[in-house]
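Next come the structures, one after another.
Shared between the two complexes below is subunit A, which has subunit B as its partner in the first and subunit C in the second.
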Partner chain A sequence: MVDQAIIEVVHQTLVEEFELSAADLSAAVSLYEDLGLDSLDSVDLVVALERAVGFKIDRVADEERIRQVRTLEDLYGFVQAKVNSSGKQA
Partner chain B sequence: MKRVVITGVGAVSPLGIGTDRLFQGLVEDRSAVVNQRQEWQQEVSDLTSWVGAPLTEPLDPNRIPRKHRRFMGRVAAMAYVASLESLDKARVPEEMLASGRAGISFASTMGSVGALDRFFRTCFEEREIGRLPAGIFFRCMSHTCAANLAHALGITGRVLSPNAACASSLQAIMCGAEAIKNGKQDVMLCGGADELHVTVVSSFDMVRAASSHFNDRPQDTPRPFDEERDGIVCGEGAGALVLESEQSALAREAEILAEITGWSTNTGGTHMAQPHTESMTDCLRAALHAADLSPDAIDYVNAHATGTLQGDQAEAEALEAVFGEKGVPVSSFKGHLGHTLGASGALELIACLLMQKLRYLIPTRNLKTPGAGCGGLDHVTTLRPAEFDRFVKSSFAFGGIGSVLVLQRYRHG
Partner chain C sequence: MLGSAIHWVLLCGLNVICVAYAVLLTFIFELYFACFLPLFLVLGKGRLDDALRYHNGYYGAFMVCLFRPIIRVRRRGMEHLPTRGPVMMVTNHRSLFDIFFFGLTQQPNVAVLVRSWPFRLPVLGRFMRGAGYIDIERLSFDKTSELIRQLSSRRVSALCFVEGHRSRDGRLQRFRSGAFRLAVECYLPVLPVCVTGSEQLCAPGSRLIRPASIDFLILSPVETASFPAEKRALKVRRHVENIFREQLGE
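This part shows the complex of A and B:
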């Protein structure tokens, strides 16, 4: 189960960092095919989420999990897991 | 061989954004030079030169789509804005840009200095790279302007970036002209850009080439060819020109602003920083030879003349050797714009095209009394009506590099 606060912070980050419309954001949306992000954007997205949520990405240990993120639902789950493991609140 | 013509120009200069602002500022004899001490002394405390010519009009980054802007530092953003104006003025259709028959030759002294600063500070002070934006290298690389323009504008032909410090943009124009002359491309987007940064000023200050006696009177410096000149004032900007084969321009009924008839670039090979009169002379003569013109066929010279003691004298002596004593009207725009480095050749050339169209010569700002060795020229010191057909634009750079272009009013046939 993903906290609503996490969904909101992910959406806010996408709107602010990537100039996307909030109306285009929902769980099933693909970051790449639907929103037009690319692999370099995904690096910047992770950095922006680190800053917004306050968790720390391990550039080696988290690489494979980040690579598997395709949809916003995947992204919510990744951020939720990082928050849970770091004991932080979104 | 194809004839090479210019069909569009665009400018981002310390006098404003757009060619109209550039030209209006020059005609009104305005200086863009200001005191930068408050900003710069936080970074470098022992500069002697605190004057610079930054953009006086903010560059709105939001006019550049994010997917392109993320790869652009300030230098590429300025190049993009100037290029948009030049393509718009030339009315080059998008399908032509994407045809493979259009290319780019666009240069700067180096990549974005602001981005390089951020990159190295983060690496060496924070000792972490994880929070740097993924696109930062594309802002830093030497061909950042050319590569960004290609992607942002959808240009698919050759992409060149002949980085040669202050001669960058004239060399870029030459590379573009050669591609067209040899039939390799029909259209080339050419020019140069550079951004003002305290480290750039420092590089001139270290070698005692930066103006330091006018910090309290910034608008009185630089002083090209003047007896009181004391060095360069760094500026920033971008100049873009659309070069095209005559055949292509005529086929699409584009307005032709001028023809580029000759060019030359060389080096003295004697010293990295000291100017070399003989190699400047050689470069001027080689460009005239390429244009198949004798010196007396030239109606005006727009000099590099940055306001340094040695550089201005060496250039004046070279011009006198080629054109004879008082043989041709000469002026420099560095007194208005400062030295916009990799942009200077293109920006000043664009101003010459506008002067040619409006039929007068703009004087050298801050030239009151020619210094020793600079008196043998026909200096333009007031706005002078002039019907000029053929002119020379020169740039001389660190590395002993000279670049000279010869242009003329276009005539069909």
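This part shows the complex of A and C:
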């Protein structure tokens, strides 16, 4: 179960970072096909989420998990898992 | 039909001549570079990465100058180049050859922020690694930031193609935030450089070079410290993106 606070932080980060419309963001939306993001955007997204949520993402150690993130739901789950493992709240 | 065929044949002939001319010029340049390597090493204070960046900068200027019949460059805004201290140069991207024009800035010691794939190219990749170019997709932001800080302490500027890719339709694409975050964190002014016309030289998707007139415009530096602290990098990015859009009439 993903905290509502995490969903809000992820949405806010996407809106600010990539100038997306909040209305286009929902759990089933694909980051790449629907929102038009690419691998370079994922670099920016990682840094923006680190700043917004306050955890560190190790791009080498987390590479496989980052690669598996395809939809916003996957992203919520990834952020929630990082928050849980770092013991912080968004 | 006949006119188009003649045009095609002439263009192919021009490209064969250009490739042969580029190989010859490269050979001459590398000979000179080998002779002057000690001087480059002195300029780079004995560091090979500095020497290779000087090499790349001068090679760009050399090629652009000697390709003048094909490439006509109008260079403007040279007064905006910093007389001292490094900057974060940010530019738009329309052609494979855009990087060459930066040799005309007379600031050859510039480290380029690059995506991962060019580092995998056989010769170029090794050369880029040797010159200390930064792989922004592989390195973490903190590591990249640390490298930029080290380079700027040695007065080395950084250059980033902030759209991430070449524009396919000539229109400005969305800017990425990385370069602006780095500029804010490393206290570097952002120097916008707007390049137009290079899409005529070698359009994305085309393998043929065509004669082109390039406008290489260096705009006023943007001091990041003058922006409000909250979400500063995003504000700087939006401001610089607006400057480019205004300049390009978009």
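In the analysis below, the second predicted complex is superposed on the first by the 90 of 90 C-alpha atoms of A that agree within 3 Å, B and C clash if a C-alpha of one lies under 4 Å from a C-alpha of the other, contacts with A are read in each partner's own complex, and residues count from 1 in each chain.
The rule is simple: contacts are C-beta pairs under 8 Å (C-beta built on N, C-alpha and C of every residue); 3 or more make two chains touch, one makes a residue touch a chain.
As the structure is a prediction and not an experimental result, all values here were calculated from the model.
K.L.:
Looking at A:23, would you say it contacts subunit B, subunit C, both, or neither? Reply first, second, both or neither.
P.N.:
A:23 contacts neither subunit B nor subunit C.
K.L.:
As a test of reading the superposition: which chain, subunit B or subunit C, is in touch with more residues of subunit A?
P.N.:
C
K.L.:
Check whether A:59 is in contact with subunit B, with subunit C, with both or with neither, and answer first, second, both or neither.
P.N.:
both
K.L.:
Please identify the positions on subunit A that touch both subunit B and subunit C, taking each partner from its own complex.
P.N.:
In the superposed arrangement, which is not itself an observed complex, subunit A uses residues 18-19, 40-41, 43-44, 47, 50, 59 for both subunit B and subunit C.
K.L.:
Along subunit B, where are the residues that touch subunit A in the complex?
P.N.:
66-67, 70, 130-135
K.L.:
Quick one: in the complex, what on subunit C touches subunit A?
P.N.:
Residues 115, 136-141, 164-165, 174, 176-178, 181, 231, 234.
K.L.:
Touching subunit C in the complex: which residues of subunit A?
P.N.:
16-19, 38-41, 43-44, 46-48, 50, 58-59
K.L.:
What does subunit A use to touch subunit B in their complex?
P.N.:
Result: residues 18-19, 36, 40-41, 43-44, 47, 50-51, 57, 59 of subunit A touch subunit B.
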